[in-house]
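What follows is a pair of complexes built around chain A, which joins chain B in one and chain C in the other.
Now for the complex of A and B:
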């Protein structure tokens, strides 16, 4: 049933997917993110980070306090490249 | 690039109060909120608040939002940017924003992050079926948009949000089949729990969800009992035929902007996850960046408001603004926070915060 329990709705990853990756040796959030795209969808990890860290804690025996969430980078939500281009082309007033 | 003295990110109870107090000291405030309407989660709180008079006890949350909004909307020191999401805080102190699809930059002299918290969720079989909601999401649907989420609901979580939303579901004409909580005790206030029990709703403590049922949409939920080591007990399953399930298993701070800015963060379970280390006046480890409300540790709206007032004073004071009785004001706010954090529930919060406070100047390192 673990394959029916969804951890990451954005990239459609189940508890089973995450556990399989941990068993393969991906034991940090960033490693799992790079191989599976967890946390890289529209929710930017706001739904899945807690669930992935919990699985990591159970599997590795390390407390949550010692596990780091992934690196946070701007922007916090999806924006259109067009909007950035328009800002960049706006001249000095829009530096 | 838009200049600003204090940029406040988030127009909920903490951000609004921060704007009021910073503006009172003469500071120019830019208040950004991602929603079209400010007020944060207050606007969907139809129940009356606890606390004391200073935190608007016995006033409904939605009316508190109205009171606070009236103080910023006609304030010449406050500029409101609604429908504006702050996208990033960069190492040189530049902040990027999106207002209704228009991208621009802001250069603030100080920042108050008051972004609040988001709902935690759970992984269980078929948790992605339509009909499985966060409790806060259902509250938004009902109280803000007037949409009834379904006909019969199982509420997962007997904390204050779970209990209050259960009551509001009943007010909206939705049958609450059961409230389920994994912990052996009800987490929310007894006054809320008793009100719901009197209306005949069973509260199953020491139980959790086993699985959801349905193919296209939610048709039912099966729960089972947990032993004293939190392992499920076979044979204790109970099934409820419901079309809605609410998950109310706590909140976690929306702290990504603080991570980006390089603020020192620490995991404190009692406060909902990773929270910023800060001094007593709510300044983080990055000079000029302050925090208030749930993003600095999940509590109630009452303490978010008091923290907002305090962070507003601190940020304005950091920029050189002051008022003759600033110390008196700060002491009063600290005392209000202590009073709100008294009692057994507050003890957890106080313990969590005590792990976060640094008081020496040396600990405050970088400048924005």
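Now for the complex of A and C:
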């Protein structure tokens, strides 16, 4: 990937942005996430996590299998607050 | 890892990093911060990150005012290359019971006396600030424009980077495993990466402060409880201030990149160190916030998480030394407002440790207040 390739479409971060953060000493996915918002957007890390981990692996020399991808948090899919209210009040679940 | 330090601070949240920065700025040469995760991995990075000066006790008003004034120039003072994203959109706090309305009157009077320009609003005035506000069941609102929000990761990193430039050593992914005490005096700290000799240890461990207290044989009068929070997808700007209610037990704000962050307390929370997410919070949060701000019905929830409040008996921080162990200092018990008090914590604790006269009189926040029964209860907490 070249420097300009987009890693995070939600927060508009390029490969260079991620590499710069790693160079500044942010060497775990969680640290990069919190400082840059990578993985915090609507995709919830589905697109970017593996790309960031790969950059981390290259930069630190640690195998991918050893790198933590951060905590996967609920919900699995973005959902309107209205749908949660309706379920809470005993209504029909939405499709 | 360094072998000896003048001060070892346990905890790399806003408190620990701000204390380190202030100590270094005052010329202390060897300051070490020990953090078991990464910077702001605990309560700091999990909090709502609102800052307000609308409090019900004089101490909390003064501490928050000092902190807010620091945040206004933090970017420059800390020479941070990133953006701490400070936004002063105000806090609109709504009342829904007469008791609460009466408390607001007292609070605003106290705040105004201390130079905080808050005001009591009727519901029409509140709707001018938040047009979407559903005022059914509400009585009044209190508003202060200089309250606001900032990015907790960047704010804490700004303190950490500034402290490092001034010579502090910050050890992340390093866990304190023991504290050496001889003849009632602090002698050193044991960590997962080695031992450091020191005469001064600061407990700034947030939700884990009791565990650190136990390491020197103290049973600190604080406990931790989970508070949950959620964030929505980014949407167009629709909410200038933080909207908050003590009786509805919630807060909600839109951060600069568009996401809306909201949280609430749950009186049934057990006193432990869990930070898992629960469905009960999600349902209660969704029901209460969409009643208060109906357009949020159509906003999508992205993610929920939780962090620990470290609760003190009177919901005010515990600052200062302890009688039992010489050289052991506490900066704990924020009861959910440790982030917004961070700058004051840093300054006041550094002054206390160095034996200087403190910028604010914080004797009344010493742990001995609980032995003497001199509690001043903070009424305004979510």
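Please note the rule applied: the second predicted complex is superposed on the first by the 87 of 95 C-alpha atoms of A that agree within 3 Å, B and C clash if a C-alpha of one lies under 4 Å from a C-alpha of the other, contacts with A are read in each partner's own complex, and residues count from 1 in each chain.
The rule we apply is simple: contacts are C-beta pairs under 8 Å (C-beta built on N, C-alpha and C of every residue); 3 or more make two chains touch, one makes a residue touch a chain.
Predicted model, so just to flag it, every value in this text is computed and none were measured.
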Fit-or-clash call for chain B and chain C when the two complexes are aligned on chain A: fit
A:80 touches, of chain B and chain C: first, second, both or neither? both
Angular separation of chain B and chain C about chain A, which is computed from CA centres of the superposed model and rounded to the nearest 10 °: 150
Greater residue coverage of chain A in the superposed arrangement, chain B or chain C: B
Touching partner for A:64 - first (chain B), second (chain C), both, neither: first
Partner chain(s) touched by A:9 [first = chain B, second = chain C, both, neither]: first
Closest Cα approach, chain C to chain B, once both complexes are overlaid on chain A (Å): 8
Touching both chain C and chain B, counted on chain A across the two superposed complexes: 44, 71, 73-75, 79-80, 84, 87
Of chain A, residues touching chain B in the complex: 1-2, 4-7, 9, 15, 44, 46-47, 50-51, 64-66, 69, 71-77, 79-80, 83-84, 86-87, 94-95
Complex contact set, residues of chain A against chain C: 11, 28, 30-31, 34-35, 37, 40-42, 44, 71, 73-75, 78-82, 84-85, 87-89
Contacting residues of chain B [partner chain A, same complex]: 1, 85-90, 96, 98, 101-105, 118, 120-128, 211, 252, 254, 256-257, 259-260, 266-267, 269, 273-274
In the complex with chain A, residue positions of chain C that touch it: 37-41, 45, 82, 153-154, 157, 231-234, 257, 277, 282-284, 286-287, 289-290, 296-305
